[in-house]
Each structure stands twice: as C-alpha cells, then as structure tokens.
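Sharing a structure, written as structure tokens. Questions coming.
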Amino acid sequence: MDIISQEISVPSDGFSDIKNITDQVTAFVTESGFEEGIIHIFPIGSTASISTIEFEPALVQDMQDKLEEFAPHNQTTRHGETWGDDNGFSHMRATMMGPGITVPLHEGKPVLGTWQQVVIINHDNRSRERRIFLQVMGK
Amino acid sequence: MDIISQEISVPSDGFSDIKNITDQVTAFVTESGFEEGIIHIFPIGSTASISTIEFEPALVQDMQDKLEEFAPHNQTTRHGETWGDDNGFSHMRATMMGPGITVPLHEGKPVLGTWQQVVIINHDNRSRERRIFLQVMGK
Amino acid sequence: MDIISQEISVPSDGFSDIKNITDQVTAFVTESGFEEGIIHIFPIGSTASISTIEFEPALVQDMQDKLEEFAPHNQTTRHGETWGDDNGFSHMRATMMGPGITVPLHEGKPVLGTWQQVVIINHDNRSRERRIFLQVMGK
C-alpha cells in the first residue's frame, strides 16, 4: 500500500463552466502503476466542484442552466454587498455541491460508467486556472 | 493495511427511487474482516447517487418530491431534444448530488447514526439494476 | 501506511447553522504526524452535512438563506405529518448535500485554498452537539 499525489491546473471559463478531466485522471492512475485503490480528486479553492456527468454539450448546457436557476449569477448577496465580491452565487453553488469526489480503481483503471466522465466546474465569475489535487492510494 | 473490493447490483425503479443498501454495506465490511478504515461506495453510471437518509417511507417520498421540484421529470432539456433521451432531469439530479460517499469504519463496523442509512438513488427514467462498487481500505 | 481516528463533538444551533471546524481538522492532522494521505470528515447522524466554504459571516448567512429557499423550514412534509417530527426540511437538505468529505494531506497539512474552510452544517431544527468522525489514512 502506498500513496502518490500530483497537482494539476485546468484552464476554465467562469459561471459554472464544466471541463472534462477524465483523461488527466486516467493518465495519473496509469503513470502511478496502482492496480487497486482509490483516486481522490479535490478542487483547491471555495468556488469549484468536482462531480461526474455524461459529458456531451447539450447536457453540459442543461446543467449550467440548472445551476443558474439554483443560484442566479445576478442575485444580490450579503457577500457581494459586504465585500464588493460579486461571486456570492459561485460560493453557494460550490458549497451545495461539495468539493471533491473519490473514484475507485480496479485492475489499474478508474471504475466509471461508459457515459460517466469526471469534471471540474468553475463556478467563479471569471476565467481561472483551477488547481486540482489528485491523490492515488492503494497498491 | 490492505484493500478489498466487490461489485454489487441493486434492482430499483426509476425517477429517483431510493433503495436502502445499509445491510449490503455492513455485510461486506463484516466479511472483509477489517476493523479500522473506510468503505467507499460508488455508483457506476451517471444517473445515480449515493447518500444517507433516515430511511422511513414518508421521508423517502418527501425526498423524491424535493428532487422532482429541483429538476422536474417532464422538463424540456437540450439533452432530450438533441438525443431523444428523456432523462436530462436524471443527469442533473445526479451531477448536483454527486456520485459516491465514503463511510468510516471503526471496530469492524460502519460509523453511522442510528437513523442514518446508506441509500442508492436511481434518478433514471426507468427501472434498472444499479451497479455499485464497494471498496474497503484499512486494517 | 496507517490509520488513526478520533470522534469530536461540536456545539451548534439549528436550522443549518454553519460552524468552522478547520482548526480541529488541522490539529488532528498535526497530532497524527501523517505527512501524506487523506483525512475523511464524517457527520454521524442524518441531519448534518460537511462541506467547504469561505467562512465569513455575510456568505454564511447567504448560504443559510439558500438552504432555506431550497427546503423551507416551515414546509409541510410527510415525515412531519407521520411522526410529528418537524425536521423534514433538515433531512432533505442533508441528503441533497450528502454526508462527509475527504480532504487530501500534503507535507503534513490539509490541502485547502486560502479562503476554503471546512464546516459542519447542522440542518436540524434545534441546537445539538454534532458528532463528527475524523479519520486520517496515509503515511
């Protein structure tokens, strides 16, 4: 049993832009040489989330619309009024969804459905290089 | 320290049917013989979620109603219009809730509250055998 | 590789009161002496959630308002009508957000953004000492 980690950086637009990071996740698992275990995928920062989705453009847009419905980007917030930081909606989306996810590894690969991709969602109100911490634990 | 995994399959109706899988989770922990560690419970596929709930019929129905309110099953989606796949709502529910959960193990048992059961929620628009990957890591 | 766990208790008001537990999490990591690994933070009970947030009072209030909007505390629920337990909203909030989170450890510290704090949210309709299970796994 051992553990290996790596930080990656993913460019993304704001307002819950959704980027597919399955290739980076799979590549890190392959390089690590682990056969059985977990990979934990954690977004560094309080305005991003990791989740899984069938990554196709129509559904990605549906999901962004749903997040906009849940916490509209132009909603007045105490956070915005107090700090002049107009990303209160970003924080609420991120805290509701939660930060990272864990994916099991089996026979050297992440265990995922055929149409289940790992994504980072940048809820912030601007383009950002999102930092993601990948950590493989197992054998 | 070691790691053991098992895939199980749980029959479920669609539209966010909620099935209690606490017995299967506990049984796998007991069989594995681990005393301290974690069990990670991961739904294979992009239209299911794992969470915890007080599993009693009235609350289960309340939760299904809340998910219906969050993303109605008859809502028009780009996913549906593009692919003829009328389960856009299922995907949005699943991505919002996130996929798997981790439960700690202590003295050979999952650490859960008395009224805290582990469930799989099948958000899809049809009955499905939902595949779940269980993984115990610890000692 | 090894694993160490500790249960802590955090006083909290009800109705999605949000308490910052980052200091307790960091202290347990430091005491454990682990350099690389994960810490899993799990709320024992079905009416609490763990997440991350920029912990400042205005945003904390925004988040509580959003949870109130998602599942109002005075909403009639089958759970309440059946059991006389007026906390149906608490359960729906907790199940939607999910229970625990995992935070990676690197060089002896939790990997978190500068404005990313770990919190417990007590969704229940009364003050409670919330029990939290902390578990460090790694080396």
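Note that the chains are named A, B and C in the order they appear, and that numbering of residues resets to 1 at the start of each chain.
By our rule, a contact is a pair of C-beta atoms (placed from the backbone, for glycine too) under 8 Å apart; a residue touches a chain by one contact, two chains touch by 3 or more.
All of these numbers come straight from a predicted model, not from anything done at the bench.
Novice: If you apply the touch rule, which chains end up adjacent to both subunit B and subunit C?
Specialist: Where subunit B and subunit C share a partner, that partner set is A.
Novice: For the two copies subunit A and subunit C, what rotation in degrees overlays their C-alpha atoms? Round to the nearest 5.
Specialist: 120
Novice: Over half shared or under half: which fits the residue numbers at the contact of copies subunit A and subunit B, same or different?
Specialist: Comparing the two copies, subunit A and subunit B contact each other through largely different residue numbers, since under half are shared.
Novice: Could you grab the centroid distance between subunit A and subunit B? Build each centroid from C-alpha atoms only and quote it in angstrom.
Specialist: Taking the mean C-alpha position of each chain, the two centres sit 19 Å apart.
Novice: Counting only residues that touch at least two other chains, what does the list for subunit A look like?
Specialist: 1, 70, 96, 98, 102, 137
Novice: So in the complex, which bits of subunit B are touching subunit C?
Specialist: 1, 36-38, 51-54, 56, 58-59, 61-63, 66, 70, 96-98, 101-104, 106, 111-113, 115-117, 137-139
Novice: Which of the residues in subunit A come into contact with subunit C in the complex?
Specialist: 1-3, 5, 40, 42, 44-46, 70-71, 77-79, 81-83, 88, 91-92, 94-96, 98-100, 102, 131, 133, 135, 137
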